[in-house]
Amino acid sequence: MNRNRLATSLFAVLLVLFFAGTVLCRSQVEKLRGKEVTLEEVLYMPSGKSVKRLSLGYSSLLADIYWTRAVQYFGEKSNQRSMRYDLLYPLLDITTDLDPHLIVSYEFGSLFLSQPPPEGAGQPEKAVALVEKGIRENPSYWRLYFTLGFIHYLDRRDYKAASEAFFKGSEVPGALPWMKVMAARMAEHGEDRSTALYLWKAVYDTSIDPQVKDTAMQHLASLRAEQDIEQLEQRVKLYRERTGVLPSRWLDMIRAGLLPGLPQDPDGTEYKLLPDGTVDVQDPAKYRFLDRNRNK
Amino acid sequence: MISRLTAITLNTFREAVRDRVLYNLILFVLLLVASAPLFGQISIGMERLILVNVGLSSISLFGVIIAIFIGIGLVSKEIEKKTLYTILSRPVRRWEFIVGKYLGLIMTLVVNTALMTAGFYIALLVTKGLHKTDALLLVAIYFTVLQFLIVTALTVLFSTFSSPIFSAIFAFALFVIGTFAEDLKNFAAISKGAAKLLATAAAYLMPNFASLNVIAQTAHDQGVGGRLILFNTLYAMLYSASAVAAAVLIFERRNLK
Amino acid sequence: MFAIEIQGLSKDYAVGFWKKQLRPALKPLSLAIKTGETFGFLGPNGAGKTTTLKLLMSIISPTSGTATILGESFLDPEVKRRIGFLPEQPYFYDYLSAHELLDYYAQLSGVSLETRQRKIDSLLNRVGLGDVGNRQLRKFSKGMLQRVGIAQAIIHDPEVVFLDEPMSGLDPLGRHEVRELIQGLKDEGKTIFFSTHILSDAEALCDRVAVIHKGELRGIGAINEIRTSVAERSEVIWDGAHALSAVSGSLVESHVTGETVRGIVRSEDVDSLLEKLRRERTRLISVTPLHGTLEEYFLARTAEQEKVIS
């Protein structure tokens, strides 16, 4: 059997070599193609309806695949510099055409769409369009109204639209009662910080997703810091009126009886007193949502 | 060796032609002729795009179907019908037989594709006129031929040990999985532990048809880089060679009926 | 010199659900066939004849043993340029014509283009397919296919030709023609190894035969010797039925028709029988020696339990 063994070993070696070659080539190919190419194909599709037709009944599987691609690509922080935000809405649109009941893609997809970079794509109008589509397809899912109202409130600052959304949502059977409360607050006190506090507390209390809870915590902390800073800056003004000069440190204000003790942020860190009389947090990174331009 | 390989290759081609494989071209032409005005009714100004998409996708689909339907019987039919007995009693090496059959089917596919391509461009010329960018479509067709190299190699591999029905099922399954090869890699990227190992191995083992499908891109006049063409060519050739080598290994050791 | 030497070649098949049991299709076989000899490989169906041929052609691999053909290992692909093979009930590519098939096979066996152009037509004529050379094989009858089979086995002018049941499924005319063809090959000095279960064909063509049964070699010898090794008998015909009782003891068989008796007796007893018949005043008509037939040899060998090689 010698000849047979020779042939066998030769071809076994060739097999290993060739296959190793394919692995190498493949990495090169993927590197050259870049991560966006597969996603870019959504730009070339005439419509979600045609894709649905072509998927021959496997549309919800295909929807899952597209959704996974979106999560993969947009979830990777390393992509942030050259992020193709223009691909997100078409991707989500096609995903939801393939599977109109894929709620998660409406909810999370729209939130990502509406938030400003680097948290999101910064396209609130498109986000609204997406959620409204979700509501059309899933009229009994009241939480989508919440998402809608949220987007109107937070990213578009359209308190009237937000209120309407909360109100409509509150009418859906099974909606939680605070939807009505939110509707009312949006209508009358849209600008107020207390509304924001109420909203974020509601989000924190009712969410199960740890990431969402974390975001809500961050917002609440920033709001509280905002409140503190407002009050502190007013006290600084009072000090100035009384003494004619700005305080150089907190001790001055404590001696003047304007402060009970060293002011601390919700984290326990001391606030910073700036030379021009404004107050800030020590670590702005911890308070990403702090709005410095509110009352100026 | 060369003369034997050539003889087997040409005979395999001759068999496919006499099996009336080329009749599929008629169906292709009909499809092209029918598609443009039909789909054009749906969206105005989309005629060229529709024609290109239908044309290129048909070239790909028809070719894959031919590759699978002829490929599954390439070896198993010869074993079933015992036509192999008089071949193996001659100085033909077993590996020459496998490689010759493979090349013969590839030859059939290349000829078929070339004819389809000619018909396709004629259709383009007649309906919308040709533009410079239409040359880009040749890259898509070339990549489709690369896909054929892989699909054919896989069906030949299956044909050496499995019955035609199962070979067809496996080959078709691999084609579908290969189309979503990049998603498989994504899945491997997000999984952990043993699942990650398995998924990564599977991702490399499965053929990568996703990067060989540039129909959408080229239909929208997007070019394909030279280096990408090179590496894709290498990938397709090496992958096919691996599958054919595996086929030879199985066939060399096989006791025929 | 020996054209084919088989040494201990055997084949076992793994059977059963777990592939644990071994079924011996061919027990270790040792055989040597001389150059230029026509050798018959006889046995009932399923005896192992085709298995032997498949082993020699490396269509299946042996469990043990080895063989040489024309001095080279039977596994050497190059030696196949010098051998031809006709399988049992052959099937050829039916989309080819006879001419195309021979051309293809000749190419695979290494025959040059000009030789092919020269020889194919004359070969087709020789096997009686001269006027259907361009017809597709799917339209051929069984007899015609058999003839194509022989043609493809010799197109490259091999020195050794292996034929597996070359007469199977043929009508008497077909069998006669194939016999003629094989005789022609013999005359060309080729070594012929053919398996069959039709004894009259073997008797007509072979120099030596081997008998195989249930995978085992049961007997081997030259045709002439076999004929004489079986007990010799003679046939004696006479007029004079009255003598029957006196001689019946020495008769193996007898038939009476009127006054004529036809008796079979062992050849060594002929003289004593004739003496007795003369004394009984019978009229002798004929005395004919009968040759032992191959059939008797065959039946004897396939009936025995143990292996006997004479």
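Letters A, B and C mark the chains as written, and numbering starts fresh at 1 in each.
We take it that a contact is a pair of C-beta atoms (placed from the backbone, for glycine too) under 8 Å apart; a residue touches a chain by one contact, two chains touch by 3 or more.
All of these numbers come straight from a predicted model, not from anything done at the bench.
A.B. asks: If you take the mean of the Cα atoms for each chain, which one ends up farthest from subunit A?
C.D. replies: C
A.B. asks: Taking each chain's centre as the mean of its C-alpha atoms, which one lies nearest the mean of all protein C-alpha atoms here?
C.D. replies: That would be B.
A.B. asks: How far is the middle of subunit A from the middle of subunit C, if each middle is the mean of its Cα atoms, in Å?
C.D. replies: 88
A.B. asks: Give, as an integer number of Å, the spacing between the C-alpha centres of subunit C and subunit B.
C.D. replies: 49
A.B. asks: Between subunit A and subunit B, what distance separates the C-alpha centroids? Give it in angstrom.
C.D. replies: Once rounded, the distance between the two centres reads 44 Å.
A.B. asks: Which subunit B residues touch at least two other chains?
C.D. replies: In subunit B, residues 93 touch at least two other chains, as defined above.
A.B. asks: Considering subunit C alone, which of its residues make contact with at least two other chains?
C.D. replies: 61, 77
A.B. asks: For subunit A, jot down the residues that touch at least 2 other chains.
C.D. replies: 4
A.B. asks: Under the stated contact criterion, what part of subunit B meets subunit C in this complex?
C.D. replies: Counting only subunit B, the residues touching subunit C are 3-4, 7-8, 11, 14-15, 18-19, 81-93, 255-256.
A.B. asks: Touching residues of subunit C toward subunit B in the complex: what are they?
C.D. replies: 54, 57-61, 77-78, 80-81, 83-87, 90-93, 95-96, 104-105, 107-110, 149, 152, 162
A.B. asks: In the complex of these two chains, what residues of subunit A are touching subunit B?
C.D. replies: Going through subunit A, the ones touching subunit B are 4, 7-8, 11-12, 14-15, 18-19, 21-23, 25-26, 28-30, 32-33, 37-38, 40-41, 43-46, 65, 68-69, 72.
A.B. asks: Which residues of subunit B touch subunit A once you look at their complex with the stated criterion?
C.D. replies: Subunit B residues touching subunit A: 43, 46, 49, 93-95, 180, 182-183, 185-187, 189-190, 204, 208, 210-211, 216-217, 219-220, 225, 227-228, 231-232, 234-235, 238-239, 241-242, 245-246, 248-249, 252-253.
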